[in-house]
Amino acid sequence: MPYINVKVTNEGVTQEQKQAIIEGCTKLMVDVLDKDPATTFVVIDEIDTDNWGIGFDQVTQLRKNQ
Amino acid sequence: MPYINVKVTNEGVTQEQKQAIIEGCTKLMVDVLDKDPATTFVVIDEIDTDNWGIGFDQVTQLRKNQ
Amino acid sequence: MPYINVKVTNEGVTQEQKQAIIEGCTKLMVDVLDKDPATTFVVIDEIDTDNWGIGFDQVTQLRKNQ
Amino acid sequence: MPYINVKVTNEGVTQEQKQAIIEGCTKLMVDVLDKDPATTFVVIDEIDTDNWGIGFDQVTQLRKNQ
Amino acid sequence: MPYINVKVTNEGVTQEQKQAIIEGCTKLMVDVLDKDPATTFVVIDEIDTDNWGIGFDQVTQLRKNQ
Amino acid sequence: MPYINVKVTNEGVTQEQKQAIIEGCTKLMVDVLDKDPATTFVVIDEIDTDNWGIGFDQVTQLRKNQ
């Protein structure tokens, strides 16, 4: 019955990448903890770079500085 | 002081349904735990079906297969 | 496929109350959104009153003042 | 390594306010807990007023009544 | 900068299993999204089986019925 | 109506530090967003260092290496 929540910035995550994250997280629960995939949820939250901060700054600003 | 977070897929949840979820969750806290509704929060997150996985697959794909 | 997270203070929530919360939240998803209870998760977090704040104060302190 | 999640209603939070929230939360972790800002995350979720309930009602409705 | 939260029931998750979950989730972020592991957080919450419900029932009860 | 969740490792956070975090987060919501403290919640989760990973490793291991 695991529930996995993945939060990443919304910088162009593709359908294929989302599918790969869901598959990979679910496989990990099956392989490591012997969980049933039918009741393993993976929820991906894509967060605007204005709304994610690290080291005092918005990621939007960090990207501009890179 | 309960905080309730309801995550569902974004498949056309109506205003009336949202209001019913908020009322129902709040009433449950009042009835079961004698909590004060004035400090009971209910937050509904509507998740894109691309971003919710179950049984290795995106819900978008599951809906197509149904 | 709903996921519901209920956060309450850890002030003696009983087995019966937990069961009632789980039943009530699940029933709400079935009645309001026609969801399948077999894939409806309810997770209850009991938070220490030292770790919950409201109106600038820990709930522990609010309880002493009541 | 703190992770701070701030949920507020989506009622026109500006860039400057978001930056101030990120700075303020990070500074609190540094000042109070001596944490490293380079590994302090702040994630802001802006919730639609239809999706936030308090005292049995949607915030959308509460705003109309004010 | 991903943040991954894994919620599982507290049914004897070992140190090795926790380490494997952390490694696996982090590797997924690196492989699929090219994220920096130095700023990838994985937080595991172990939930009491009394506090996790599925299909109207506490997991504690489901385990007894198995 | 803000809800703020602070997750930190459980490395001896004191009552005074918890109170300072609650006060600081609430003050930030009042000062920056003009929110009502009476409906501002702060919830602190203290996470076991075995259950928090960064850069592929458990924080427990990182602390031993320091």
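The chains carry the letters A, B, C, D, E and F, assigned in the order they are written, with residues numbered from 1 in each.
Just so we're on the same page, a residue touches a chain if its C-beta (ideal position, glycine included) is under 8 Å from a C-beta of that chain, and two chains touch if they have at least 3 such contacts.
Since the model is a prediction, treat every value here as computed from it, not as a measurement.
Enquirer: Treat touching chains as neighbours and tell me the shortest step distance from subunit B to subunit E.
Expert: The fewest touching-chain steps linking subunit B to subunit E number 2.
Enquirer: Quickly list, by label, the chains bordering both subunit D and subunit F.
Expert: B, E
Enquirer: By mean C-alpha coordinates, which chain is most distant from subunit F?
Expert: B
Enquirer: Just grab the chain with the largest centre-to-centre distance to subunit E, centres being mean Cα coordinates.
Expert: D
Enquirer: Interface overlap for subunit C and subunit E, more than half of numbers shared or less than half: same or different?
Expert: Different: when the shared numbers are divided by all numbers used, the fraction is under half.
Enquirer: Could you state the distance in Å from the CA-based centre of subunit B to that of subunit C?
Expert: So the centre of subunit B lies 13 Å away from the centre of subunit C.
Enquirer: Between subunit A and subunit F, tell me the centre distance in angstrom, where each centre is the average of that chain's C-alpha atoms.
Expert: One centre to the other, that is 21 Å.
Enquirer: Need the CA-centroid distance for the pair subunit A / subunit C, whole Å please.
Expert: Roughly 25 Å separates the two chain centres.
Enquirer: What are the residues of subunit D that contact at least two other chains?
Expert: Residues 1, 3, 7, 21, 25, 39, 41, 43, 52, 54.
Enquirer: According to the definition of touch, which chains form touching pairs?
Expert: Chain pairs that touch: A-B, A-C, A-D, A-E, B-C, B-D, B-F, C-E, C-F, D-E, D-F, E-F.
Enquirer: For the complex, give me every residue of subunit D touching subunit B.
Expert: Counting only subunit D, the residues touching subunit B are 7, 47, 50-58, 61.
Enquirer: Name, in rising order, each residue of subunit F that touches subunit D in their complex.
Expert: So the residues of subunit F in touch with subunit D come to 1-9, 13, 17, 20-21, 24-25, 28-29, 31-33, 35, 39, 52, 54, 59.
Enquirer: Enumerate the contact residues on subunit C facing subunit A in the complex.
Expert: Residue positions touching the partner: 1, 3, 39, 41, 43.
Enquirer: Help me check something: in the complex, which residues belonging to subunit A touch subunit B?
Expert: It is residues 15, 18-19, 21-23, 25-27, 37-46 of subunit A that touch subunit B.
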